[in-house]
Each structure stands twice: as C-alpha cells, then as structure tokens.
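By letter and in written order, the chains are A, B, C and D; residue numbering begins at 1 in each of them.
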Amino acid sequence: MSPVNYVYLAALLFTIGAVGVLIRRNAIVVFMCVELMLNAANLTLVAFSRIHGNLDGQIMAFFVMVVAAAEVVVGLAIIVMLYRSRHSASVDDASLMKL
Amino acid sequence: MSAVATAGAVPSLWTLGAEELQAPKIEYGQLSPTIIVLGAAVIGIVLEAFLPRKLRYGAQLVLSALGLTSAFAAVLALALTGHGSSKAAVAGMGAIAVDGPALFLQGTILLVGLVSVFVFAERRLEPRAHAARSLVDSFAAQPASVPGGEGEREATKAGWTTTEVYPLLLFAVGGMLIFPAANDLLTLFIALEVFSLPLYLLCALARRRRLLSQEAAVKYFLLGAFSSAFLLFGAALLYGYAGTFGYSGIARVVANADRATSTVLAETTGSDALLLIGGAMVIMGLLFKVGAVPFHMWTPDVYQGAPTPVTGFMAAATKVAAFGALLRLLYVVLPGLRWDWRPVMWGVAILTMLAGAVVAITQTDIKRLLAYSSIAHAGFLLAGVIATSRDGVSSVLFYLGAYSFVTLGAFAVVTLVRDAGGEATHLSKWAGLGRRSPLLAGVFAIFLLAFAGIPLTSGFSGKFAVFKAAAEGGAGALVVVGVIASAIAAFFYIRVIVLMFFSEPRADGPTVAVPSVWTTSAITIGVLVTVVLGVAPQYFLDLASQAGVFVR
Amino acid sequence: MSFPLLTVTAALPAVGAIATAAVPAAKKSAAKWLALTVSTATLALAVAVLVRFDPGGARYQLTESRPWIKDFGVRYEVGVDGIAAVLIALTALLVPFIIGAAWHDADEVEPSRPNRRWRPTQGFFALMLAVEAMVILSFAATDVFLFYILFEAMLIPMYFLIGGFGDRAHAAGEEEGAKQRSYAAVKFLLYNLVGGLIMLAAVVGLFVVTSDQLGEGTFSLQQITEARADGGFQLDTNIERLLFLGFFFAFAVKAPLWPLHTWLPNAMGESTAPVAVLITAVVDKVGTFAMLRFCLGLFPEASEWATPVVIALALVSILYGALLAVGQRDMKRLIAYASISHFGFIILGIFAMTSQGQSGATLYMVFHGVSTAALMLVAGFLISRRGSRLIADYGGVQKVAPVLAGTFLIGGLATLSLPGLAPFISEFLVLVGTFSRYPVAGIVATSGIVLAALYVLLMYQRTMTGPVEKPEVRAIPDLRVRELAVVAPLIALLIFFGVYPKSLTDIVNPAVEHTMSDVQKKDPKPDHPVADKRWFDYKPVDDHAGGDHK
Amino acid sequence: MESLIGLLVGFPLLGAAVLLCGGKRLEKTGHWLGVVLAGASFVLGAVLFFDMLGKSADERALHQHLFSWVPVESFQADVAFQLDQLAMTFVLLITGVGTLIHIYSVGYMEHDERRRRFFGYLNLFLAAMLLLVLADNYLLLYVGWEGVGLASYLLIGFWQHKPSAAVAAKKAFLVNRVGDAGLAIAIFLMFTTFGSFAFAPVLSNATEAGEGKLTAIGLMLLLAACGKSAQVPLQSWLGDAMEGPTPVSALIHAATMVTAGVYLITRSGAIFNAAPDAQTVVVVVGAVTLLYGAIVGCAKDDIKKALAGSTMSQIGYMVLAAGLGPIGYAFAIMHLVTHGFFKAGLFLGAGSVMHGMNDEVDMRRYGGLRKYMPVTFVTFGLGYLAIIGFPGLSGFFSKDQIIEAAFAKGGTQGWILGAVTLLGAAITAYYMTRVMLMTFFGEERWRGQANEPHPHESPKSMTIPMIVLAFGSVFAGGLFKIGESFVHWLEPVTQFEHGHSPLSAPVVTGATVVTMLIGVGAAWLQYGRRPVPAEAPRGSLLTRAARRDLLQDDLNHVALVLPGEYLTRGLVYVDNKVVDGAVNGTAAAFGGLSGRTRRLQNGFVRSYAVSMFGGAAILVAATLLMRAV
C-alpha cells in the first residue's frame, strides 16, 4: 500500500474533525474533534516522513503530541470552568457577546 | 510495500546509530532574549509555588519587569552588534532566525510586554477588599471558583489575587519572541502554541464580568485550537511537498533548485497542489492570529470579554508577532509563489479593511469598537505586506510599532473609566467624559486620532508608510480602498470624540479613577510614542528600514 | 541661514496657544488678553513678512529648508510668494479681530465655579491660536507633504471650536442646539477628512511618481517645478489627471465647491460668529489657495483638462449659493451660502487661467475674508443681543441701533461687491479675467452680482428696516466700544483697498505671472489692441476724427 | 486747473464722510456743512467753467490723473478724471441743482431727527454723481454709476420705518443692478476687444472693431442706461422710488441720476455711431418709454407718481434723441438740462404742496390750492408751462428740437418717430394739465376730511430754490437756443450734424404747439370743466392698467418673481434633500450595511468556526484557481 493513501486517510480524518467542530455543541466533543484534526496532521506527517525518507516528520509528530497534551490541560481547565459556572458544556450557551 | 520501503535505508529513530548523533549547536547569545524571558517565566512559576501570598505580587512584578528589561537590553545589544544586519544569521540549528525584522519585532514585543506589565500591575482601580487591607488588581481572586459562588466570595474577601498572570504573560511574550523569528514550520507551530495557551488562560481571568471573560476564553481557545490545527495540517502538507520544515529548504524546493537531485521530491512536487493547499492553510492560521477577515470573528468577542489589560496586551503584541511570522513566511518561504498568493491576499486585505471599518460604525461597546478598529488596521497592514518589497517590510514594521503603543494606551485608558459594575465600556456612558475629565478624554482623543490616521500622530506616519509601500509595489488600488476604509473608520472614531466632548454628561455616568503610577506611565508612554512617531518619525523609519531584510 | 521669519510667525501663535491653554482657571480674562496680545504680535510679524517680501525678487522668498522625514521625501520647506504673503497677512490680520469679537463667546460654557480641569475660555482661545498657526504655516509651506499635514491637522482644533463652542442662539432649544452643533462639527470633520484622505492617496501617488522619475521621492514644490521645466519630470497623462483629481477633491471640499458644500452652512450656522468667520474667511482660503498653488503648480496639464468641468461647477456654485442664500431664513446660513457663491467666483478666477482672473481670485480671497468678517461679526453681535438667528425675529433694528445697522449695511454692501469697497475690485477682475477667455461663463457669473444684491438687501430690509414691532428688538442696544473697535478697522480696510488695491496687486502680480508660466498660459490678446491704454497718451478726442462725419 | 477737478468730487465726499461718521455732535449744524460743501463744489465748477470758456474749443478738455488704481497686466485702470464740455455741463447741473435742493432740504427735513444723515447721503450722492460724469474710463464711471445707485437706495429708503420705502429702495437697487451687470459686460467686451476701457483709446478706435462687437457693447450699455434711467423694460423702480423724501425725488429721480443713462449713451456716441442696429434699439426703447411714461402719468392720482411717469417719458425723449446719433446728442443733453430745471422745480413744488397738506400725495384730495400757496403755484405753473413746451419756455426749445430731429431720422422710421414724439407731447400736455388742475384749481376737496389739513406756503429755504429753478425753467432753453450756443459748446465732444427733416422747422413747431394745445384742452375738458371726484372712478381698461404701471409689476411678478421664488424654494429643498441627502444617505447606507453585517457576528462559536472553515476553503480554492488561470 502506498503511503500516499495514509495522506488521504489523514485528509479524511481532518475533514471529519473539522466538520465535527462545526456541528457538535458539547465543548468537550468539539475539543476532541480538534484533537482529531491534530492527529490527522500527525498521520500526515508520519506518512510524508515515510515517503521522504527523513525523520523530520516523525519528530514533528512528537512535538505535536506534546503540544496537544498541553492544549488539553489548558482546554479542559477552561471548559471545566465554563461548565462549573453554567452547568452546561454547550458551546452555544456561551453566546453572551455578539454583534 | 512501496519501493521506498524496500530500499532498506529507511531511517527511523530506532535504526539511527548513536554515533551519528551530533550535539546540537545552540547560539545562546543570539537567542538570549527568548531564553531570558522564558527563564524568568519559569522562575515566576517557582516563586508562585514557594513564596507566601503577600510577597508574590511584588516579587512577580520585579521579576517580570527585570526579565523583560534585560531581554530588551539583550535585543539592543544584538542589534548594536550588527546581528540585525551584517551578522544576521539563522541560529538554533536552523530553527530561529536572528535578523533585522526579528530583532525589531522582538524589541517591540518586549516593550509592549513591559508596558503591559505596568497595566497589569495597576491596583488602585478596584475597590479594596474590605476584610483584607490588600489592594487588588483587575484579575480574578480565584479563577477556579464559580462566578457568584461561595468560593469567589471568600477569595474576594480574603483579598486574593491571581499573581500567576505575570508568568503567563512572560510565557506568552516568550512565545511571541520566537514566533516572528521562527525559521521552520515546527518552531512556528510550537511558538504559536506557546504564546496562545497562556493567552487563553489570561482571557479567562477577569475579576468583574467573569461570565463574559470565561466565554471569551472558551471562544478564543476553541477557535484558536481549530486554527492551529489548520496551520499544522498546512505545515504537514508543505513538509510533504518539500520534505523539510526549514523555511530556506522549502523556498529552495519552491524555486525548483533541489528537485532534480531527488526522485522523491520529483514525485511529491509533481503537482503543486500540496504546496498551494499547504501554503494557504498555514497562511490561514496566521491570518487568524492577525484577525483578518474572514478569520476575524473571535476578535470582538475576545477583546470584549478579556480583562482589559490583557486585551491591550493581546491586541498589541499578538498582532506584532503574527504579522512578523506572516511576513517571514511570505517573504522567505513563498516568494516564489508571489503570483499565487498576492491576488488572494489582495482580496483578504480589501475585505478586512472594509469589513472592519464598516461593522465598527454601529458598535456600542468601546472595547468591541477597538476590536473592529484593530481588524481594519490589520487590513492596512496587509496592504503593506502585499507590497512585497523591502519598503513593504519596513513599513509594516514601523506601522506595527506605532500601532501597538496606540492600542496599549487606548486600552489602558479604558481601564480607568469605571462605574459601580467595573469598567464602563458601554459607549453611552462615555458621554460628556470630556467635561469631567478633559485630560483623560484628550489623551483618548489623541489615541483615536492616531487610529484615524490624522497627521502629526503615529497612526498617520504608519499609514503613510504602508500606503506608500503599497503604491510603489503596484497596489495603487489597495491604497484607494484603504483610503476609503480610513474615511469610513474616521466616522466612528469621531463619534466617540463627539460623545466625549459634545454630549452632556449623564448623571449616572462613570467616574474616572485616579490611577497609580503604573497605568499613568503606561498611558504616558503611549502618548509619547504616538506623538513622537507622528512628528519626528525619521529615526524610527530608519530603524525599520535597516531592519527590513530577512535572512534566508 | 537668516532669521527664520516664517517659522517664527507660525510658531508664535502655536506657542501662544499652549501658553493660553495653561492659564489657570480663575484667570479667564488673562487668557483672553494673552491670546489677543499674541495674535497682535503675530500680525506684526506678518506685516514684517510683507515688508521684507520683495515683489520684484525671487519667486519664493524668506525660504527655509531642512530635512524632516527623509524616508517619505519630506522636507520642512517654507517660503512665500506674493499670494502666500498676502494670505498670511490676511490670516494674521483677521485673528485679532476674531478674538476681539469672540471676547465673551466662551463665557456661557464656563462652569458655574472655576474648575481646574474644565477651562473652556482658555481652551477656546488656545484653539483659535492653534488654527492660526496651522493656517499660516500651510500658506507658507512649499512642501506638499508639509502642507497636507497642516491641511488635515487644522481640522481638529476647528472641529472643537465648532462643536464645543457653538452658537447658543438656537430656536429649537438648548438640547436640540447641542445636537445640531455636534452634527455640524461631525459633518465638517467628516467632509474634510474624506477630502483629505482622498488627497492622501494622491499624495502617496505623487511620491511614487517622483521617486520613479527623479530617483528619489520628493514633495518639494520647487524641485518638482524645476524638474518639469528641465523636462526631467513628465507625468503620464492619466496619472496626472488622477493625482489632480485627488488633490482637487480635497480642496473643493474645503473651498467649498458645489456639490461638496453642504457642510459649510451647518458649520457656520452652528458655530459662533467669530468661529464662522474663522472657517470661511481663514480656513477655507487654504482650499482655494491650494488649488492655485498645488493643482495648477503640480498638474498644469490636468488642470487645463479639468477646466471646463471646474468652471461649470464654479458657475453652479455662484448661482446656486446665491439662490439658496435668497431662500434662507437664518442669517448665518444666509451668509454661509453667500460665501459658497463667493468661493465659486474665486475658483472661477483661478481656473480662468488669466492674469486678471488669478490676481482677482487672490484678492478675492483677501477681500472676501475681510468683508465676510465684517458682515458676520456684526450679524453675530446682533444675534447675541436678541438670541435668535432667524431673520423673521428682527425688523426695524435700524431704529434702535443705527450704528449696528450701518456697519451691517456696509458689510452687506461689501458682500454684494459695491464699487468703492474692496470686494468689487476682486470680483471685477475675476469676471473680466473669466470673460476674456470664456465669455459665456463670464456673462453667467455676472448675473451672480444681481443675485448678491438680492440676498443682501433682502436680509437688510427684513432685519433692519420697517417698524419696530417686537419688544425684544426694541431692547437691542447699539454697538459697544469693543464691538465697534472690531468692526471699524475692517470697514476702513474695505474702503482703503477699494480705493487703493494697487498696494496688493503689486505684490500679487509677479506671483500670478509665475503661476501663469507654470500652466504655460498667456492672457488672450484683444481683437483690436489699441496702442496704449492710458488716457495721457491720447490727445483729447479730435472733433473731426469721429469717423462717420458726412 | 486740472488739479482742481478731483476737488469737485472731494468736497461732497468729505461732507458725506464727516456727516455719516460724525455722530451726534453734528446734529445741529451738520446740514449747513452739507450745503456749504455742495455749494463749494458748485463754485469750483463755475470757476472751472469760466476758465474753460476762456479757451478755444479744442483745448477745453482737462485731465487729471490721480493714481493707478487696478493694474493687472494688460488690465490697467486708473483713477483719473476728464473734464470736457459734456462733463462740465453735467457738473454745473449736478452741483447747481444739487445745491439748491440741499438748501430746500434744510427746510423740508427740518423736523426729521435724522436730518444729518440725510445730508450725508445727499453729499454722498453728489460725490458719486460727479465721479460718474468726471471719470475718464468706464470702470471708474462704473464706480460712480453704482455709487449713485447706493445713494439712491439709501435715500429712497430713508424713511426706513415704512416697509414700503424699504421695499422700494431694494427694488430700485436690484433693478439697477441688472443694468449694472450690462455695464460690466460692456466693459468686459471693451477689454477683450480693445484691451482697454478708458474713454479716449476706446472711443477714438471704436471704428476699428467689427460691427457685431460694437453692437454688443452698445446693447449692453443700453441695458445699463435702461436700468439707471428707468427705461422700458427696467423702468418699474422709478414709480416706487417716490417713497423717498421729495427733495430726493427732485434731485436724483428727476434732475440728475436718472439722466445718467443719457449721459452714458452720449458719452459712448462713437460706439453707437458705428453700430446702427444698437442705435435702432436705443431709439425704440426711447420711443416706447416716452409713451409708456406718459400714459402712466395720465392715470396716477399720486402727484409724485404722476411726475415720475412724466420723468420716464421725458427721459424717453432724451434717449430717443441720443439714439438718433450726432443729429440728436446735443438735443438730448439740452433737454436733459432744461428738464433738470423744470422737473426739479415741479418736484420741489409738489414737495411744497405736500408740506402744506400734511404729506398728502393724492391729488384727488387737493384742489384750489393756488390761493394758499401762491409762490408754489407760480413756480410750479412756470415749470408746468416749460414741460408742456409752451412756446418761449425752456421745454419748448429742447423738445421741439428733438421732435424735429426725430423726423430728420428719415424714411418710415423718421415718420413713426416724429409721430410718436408728437403724440408724447400731446399726452404730456394732458397729464401735466391734469396735475395742475387737480392741485391748484377746482374745489377744495381736502375740506371736511377726517384730518383736515391747513394749507400754507412753505418757508423761504424752500421757496427760494423753487424760484431759482423756475427762472431756469423759463430762460435756460432760450439761452441755449440763442445762436445754437449749446450745440456748439458740446460739438467737440458729441459731434453735431444738422438733421434734414422732411418737414420744415416751422411746420414741426406748429404741429408741436397744436398737439400741445389739444392735450391741454382735453385735460381741461375732463378736469377743469367738471368737478374732480374725490374717489377715483373705475375708469377704462387702459386707465386701470395705467394705474398699475401698465401691469409692469404684475408682469415682473409673473415672469421673474414667482419663478424665482419657486426656484429658490425648490433649490432649498434640493439642497436639503438631494445634495445633503445624498451624503447623509451614503452615511446611512454604511450604517445599514454595518447593522446588517454585524448580525453575522451572532455570538456562536460554531458560526465563527464555519466562517473560518469557509474562509479557509475559499482561500485554498482561490489559490488553486489562481494557479489554474
């Protein structure tokens, strides 16, 4: 199987993630979709790393994982805070500021 | 398995021989500004853990100020020793460029950070917590507590303050220092996250109107994460195209230099789709940070909800960092694609200028108004970016410097106009401010006039520089659109001035708090920079134009 | 470098403005006297400029030049030709009178007890001096960029003068008055700002073309003119036209030219009379001056290209302004529309491209300034007495305040260009200059003088004559000494220049010649020129030389 | 001697300045200052006159160059005076009659609290009028031209508390302005044609220019003359101008200012001579006005308005004569001078009557006044005889010669003009007899009125000027006629040709006398034999129209005033709604756009994300598209 297919798969994942961000209401799920997008990127990186035969992509993937973890920390903190003050994790409820 | 796999020479982390590892060469001197700031941030965290509550404020303040000042001194030293021009080089194994634009922007960011620290440190505005004698600042007593809940009340009573904001600010500044200097996509992404994550948190820390603050944080975070995913995916595609993350490497591939030598490259570069899609997505990530239409929608909400000192810092510093990164990306990585991205950027710039100006007309909240104004200004800056000339770079650099101080000053003024509910940001409450406090209103009017680009203010010099560069770069039509947008924008800046000076003060109008020396000095610096860059900009134009060359 | 007279002339009121603003709250009248003293001293300096100016000398004199913003090709370059010198003198002349007339204008907005922060009187006079400084410097600027900066920057103090210290005599009550006032101020600022921003695009464009052709971007008028004379600077026709339009638009807003004029009646109506004078007599002159100096000087060919349209617009302005003046019920708006009509004449004179037209236009700027000042200030005195701007609220003032009515009439007569008063000279020159190149336009414009008589006399008739029917009018006192001291010298000047305009034409003519050579135009020759035009070259008409004596 | 010319203007100007700026201190004595300065000007004029008489005809013209006035390139205007025979004639008339009327006014305005100002205006008028006739170029003439207009404006509206006076003053100025515009355009034309507008160069080179140009100049000058001299179609102001104090009517609106048009045409003779078409128009204007004025004069019951109609008519004669060219100029001026005497006298008489009749002006409320004011009656009667052309009196000589010259025009034109002038003479006799009869004869209709007047003779200061003018009315014509002295006096300036009338002179004279007698008879039949009704009868259509100035004002109202008002109102609307509306509309449009656009900012994160996603898609697509294109 050509590694290129992994790239296609990654693109699919990325799209699923993006669409998930657009259609899901729950902040946690939205956030997970973002993570999905990051992972799609990881997959792409690894696949291209394979294709190009160098390590850069793989190293990048590690960095991305770390960053994603950090993002989770911050993100969850914020989402939990939101949940605690509103008793809802729906992103649509957080729409006090508009226009 | 494909041919590549069977070649047997697939390097991986597991097969890599230890003897091939070379110790990375780090130019500590050239990276010192970043290292100092990040170091200070780490120390800040440590202090936070070990110092008693009472001492934290003072210690953090000194540490931040010291860290930023010494980092700025380091930048100065680097610039004076020619690292901005003749000795410009790529440091940190190709990760970070130390050149004119980088140093100029780092200097600007550090100054902005320093002034922001001043605004953060203001503790005279909020009423004292009655149980405790301690003064409090604009940040939440205990961010984790539920708004309006028991925990919050107790924390407030106890007079707690969130001194973590200083290390957070330092981390953000650290990330921002790297961002415009990042010389490969990996560093770019890391820097983006390093400065974004603290900002998300800072947004959530307002003492008053915590629901809005939290909402701002959520929105900023989700959308920020969303956009960084795009950036990352774009980076991955670019990597797929060029086989490297390094800017110069990609640029070489784009310029068709390396293709012949590599069969793999010949395959991946066979179609430019990877390059174009990847480039567009990376640019999109940066445009998000810049606040360009149609990636601007977070701006008003976040600017409005975030604690005003944070808004000021974010509005000024993020813009500087993001434009720095955008410039480097477009000028170093994608100059070969100029004919592809220029038309697209034209569209974005025009949309941004017009949308920002038009929507601002009907705003009723001063912070949202300034947010839309910042969108319009992003448009003007994009006009300079599109010039694709050295003049374009230096004009954008100058504009950024000028703009960031006006913004800081303006938001600092906003922190002072208060009523019982905290800051009185609704415009109707600003009616007649000129009667009650002519000095403050006058200062704010100067900032507004600078935003509007009235001559003898820094806004005018900046705008002129950018338009000049754009016109010379053949973007005369953009100048015309810019001029029209300026005219529209003038309308709402003037509206605020009218409100302040020519409307009768309301009986329940806000009071103008008398600030401590911190905010005063921040505003003073803002006014000084605004006027000096307006009246005698030549020295700074020289600086910017010397700093107008990227190292490749 | 010799003594920088021009800089000092402009800087003195600027410094005065700062000093005035700094006067403590309790010392209101000190601020007034300081402002008056400074403006009078400025007048002395302006007279020195006139005296040191040698009409037979170089085109620009008293020049100063130092680098300012190298990156933008900007220099601090000032210098005066005859036109500028005369206009600087006008500005410096009018401001003391304006200050004198405005002596109590800020009193009404004073807070009931002195307030350290809110000092309207100080602010009012400081703003006036600031405007004066900027206007003077903009007349002296020979660098386009420097001019542009002042052109824009002077809007700000003007804006505060209009919006902050408006006319309290408002029919619809205080609140509505405040609304109207701020509307007027915003309108003023927006119109001019939009004009200025469009000009900014053209300024940027000018930089680009100069840097393209001269190697280095420059805004120096002299440098560009010289380069063009050498053939080193030739603009593409289309670009030149675009740039011209950008500049012209801004000046046409400022001047104001139909249909960009509607800010003026609002601004003049809502501001106090002295500020209205400042607008129309001083600040707006920068617009017409700039047409003469920059549009014609920088873009001669485009100017010629645009001439038919500009002349048509000027004619429309003349008639339209006059007709609207006839239809006004508000005295100050009437004078504003009259000014629009007069600006039409000035622009007509400039674009007629004849010596008479341009000399006439220059004189027109000066004389219109003085005559409008006289008329408007007296109108202001009247309005402040009765508390109304509506013409219908008056009637028979002549009976109770004959001196006021007399000065008002003289101001009005000057406005309708009665011979013997200064504006006649300028109007006639403009008309004759226009006629000699564009006869039809000349004739159409001439019909404006009939309309001028109509609106002036109609206003005079309705306000000053007739029986005194209203008790408020009966209580109107005559002019006070201060007010007479403001008006009398203006009237004296109107008469003096009506009789002896040569004192000004001698200064202006050489400058006009230069402008004419900029646009490479010559006056049209008469069809049957007579050898010499002076009577003393002729014998008295010979009784047998009559011709058809059969 | 030259250097004294300026003083002619200077004396009254000084008087005006002193009187108008002098303030209350001059309230008591100011009017005498006015009289003295007017007199000084007259004396100086007389001195210059006798000096002039001592020279040969060719050397009589004097010049005084004061200073260069408006020099701009080829446009060279000087303040310079030219005193030749024509100007001298006017100087004497203006200062002479002017001084008399100053004296008269001392008495007439005795009870007016603003008398000082009145004399200031009168002096101002004298100065402007003298400037008008002394100017050596058209631009300076223009100054005087508008200057007299100003003085006229101020004096008509002197009683400003009367709205009618204020309106009349404004109307006079406005109508005059139309004429002034004509003069201005004439000057423009001269400048573009000759490069000059001074008399000497223009007039001596007039023939070099094309006839078309000259016709245009001539017509424009005629327009100016029409305005100033109340000729059709710009005559409407003169009747209303009678709102002014009577001395003003006598001086300005009878003797001097209104004749300035005749002066202008005569002065510009060289231009008209070379432009026959323009001359024809001049003649037509004169003929029409002489009939118009006469008809209007017949119908008016207001004594001053009747006289005003007469003035128009008489000036019509002069204009007609001036339009005849060199055969008529001298007679035009001659009639102008004699008319100056008798018309001023008539007006002063009318003023005297009003003075004794509580300022009543309606002749139907006069009657039988000859017993009460004998001096007025006699002087007025002499003026009356002079104006109707009673043989031997001034008017007879001057008018008769105009009628002769009209016939001498030759051809059909000559016959028509002759007939018109004769008809005019008859009507003149009719309306003047009417005035005479209604005022001084018949029943004392003023008796029994609510506010019964007590007619009495006027004081000396008023009667003496009337007597002096009566002398002029009687003898001036004869004096001028002796040896054609007046014609020879003017000939160097205006040229003179003998007209060749198809009718011999005695025939014309006879016809004139006969028509005059017919007019007198008709009037006597109507107003002498029968009692005059105190209320005006309805009258015929023509009478009613004539009472309304032959519908002139109505015509103006419909043709000019109403459309003007609509235009003005319409423009005010346009300015507010369209011009301003466009701008406000643009602002509002941006506001609306803003309001609509900001709704996109709906507060939902997911919508923002959609926008970003869409934006990214577009960005990518656009980039790809750019490559594809």
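Basically, contacts are C-beta pairs under 8 Å (C-beta built on N, C-alpha and C of every residue); 3 or more make two chains touch, one makes a residue touch a chain.
Being a predicted model, the structure only gives us computed values, none of them experimental.
K.L.:
Which neighbours does chain B have in common with chain D?
P.N.:
Under the touch definition, chain B and chain D have A, C as mutual neighbours.
K.L.:
Looking at every pair of chains, which has the largest contact count?
P.N.:
Chains C-D share more contact pairs than any other pair.
K.L.:
Can you tell me which chain is nearest the middle of the complex, judged by mean CA position?
P.N.:
Nearest to the common C-alpha centre lies chain C.
K.L.:
Compared with chain C, which chain's mean CA position is the farthest off?
P.N.:
A
K.L.:
Return the distance between the CA-based centres of chain A and chain B, expressed in whole Å.
P.N.:
Measuring from centre to centre gives 23 Å for this pair.
K.L.:
At what distance in angstrom does the C-alpha mean of chain C lie from that of chain A?
P.N.:
Roughly 66 Å separates the two chain centres.
K.L.:
Where the centres are mean C-alpha positions, what is the separation of chain A from chain D, in Å?
P.N.:
About 96 Å separates the centre of chain A from that of chain D.
K.L.:
Centre to centre, by mean C-alpha position, how many angstrom separate chain C and chain D?
P.N.:
36
K.L.:
Specify, in ascending order, the residues of chain B that touch 2 or more different other chains.
P.N.:
Touching at least two other chains: 218-219, 222, 226, 230, 300-301, 491.
K.L.:
Touching at least two other chains at once: which residues of chain A meet that condition?
P.N.:
18, 21, 30, 91, 94-98
K.L.:
Of all the residues in chain C, which ones touch at least 2 other chains?
P.N.:
Residues 190 of chain C each touch two or more of the other chains.
K.L.:
Would you please name all pairs of chains that touch?
P.N.:
According to the stated criterion, the contacting chain pairs are A-B, A-D, B-C, B-D, C-D.
K.L.:
In the complex, go through chain A and note every residue touching chain B.
P.N.:
1-3, 7, 10, 14, 17-18, 21, 27, 30-31, 34, 37-38, 40-41, 44-45, 47-48, 50-60, 63-64, 67, 70-71, 74-75, 77-79, 81-82, 84-86, 91, 94-98
K.L.:
Quick check: in the complex, which residue numbers of chain D touch chain A?
P.N.:
598-599, 601-606, 609-610, 613
K.L.:
Could you please specify the touching residues of chain D with respect to chain B in the complex?
P.N.:
For chain D paired with chain B, touching residues are 587, 590-591, 593-595, 597-598, 600-601, 603, 605, 607-609, 611-612, 614-616, 618-620, 622-624, 626-627.
K.L.:
Any idea which chain B residues touch chain A in the complex?
P.N.:
1-2, 4-5, 7, 9-13, 16, 143-144, 146-148, 185-186, 189-190, 193, 197, 200-201, 204, 210-212, 214-219, 221-222, 225-226, 229-230, 232-233, 235-237, 239-240, 243-245, 264-265, 267-268, 300-301, 304-305
K.L.:
Given the complex with chain B, which residues does chain C contribute to the contact?
P.N.:
Result: residues 67-72, 117-118, 123, 148-150, 152-153, 155-156, 159-160, 163-164, 178, 181-182, 185-186, 189-190, 193-194, 197-198, 200-201, 203-205, 207-208, 211, 217 of chain C touch chain B.
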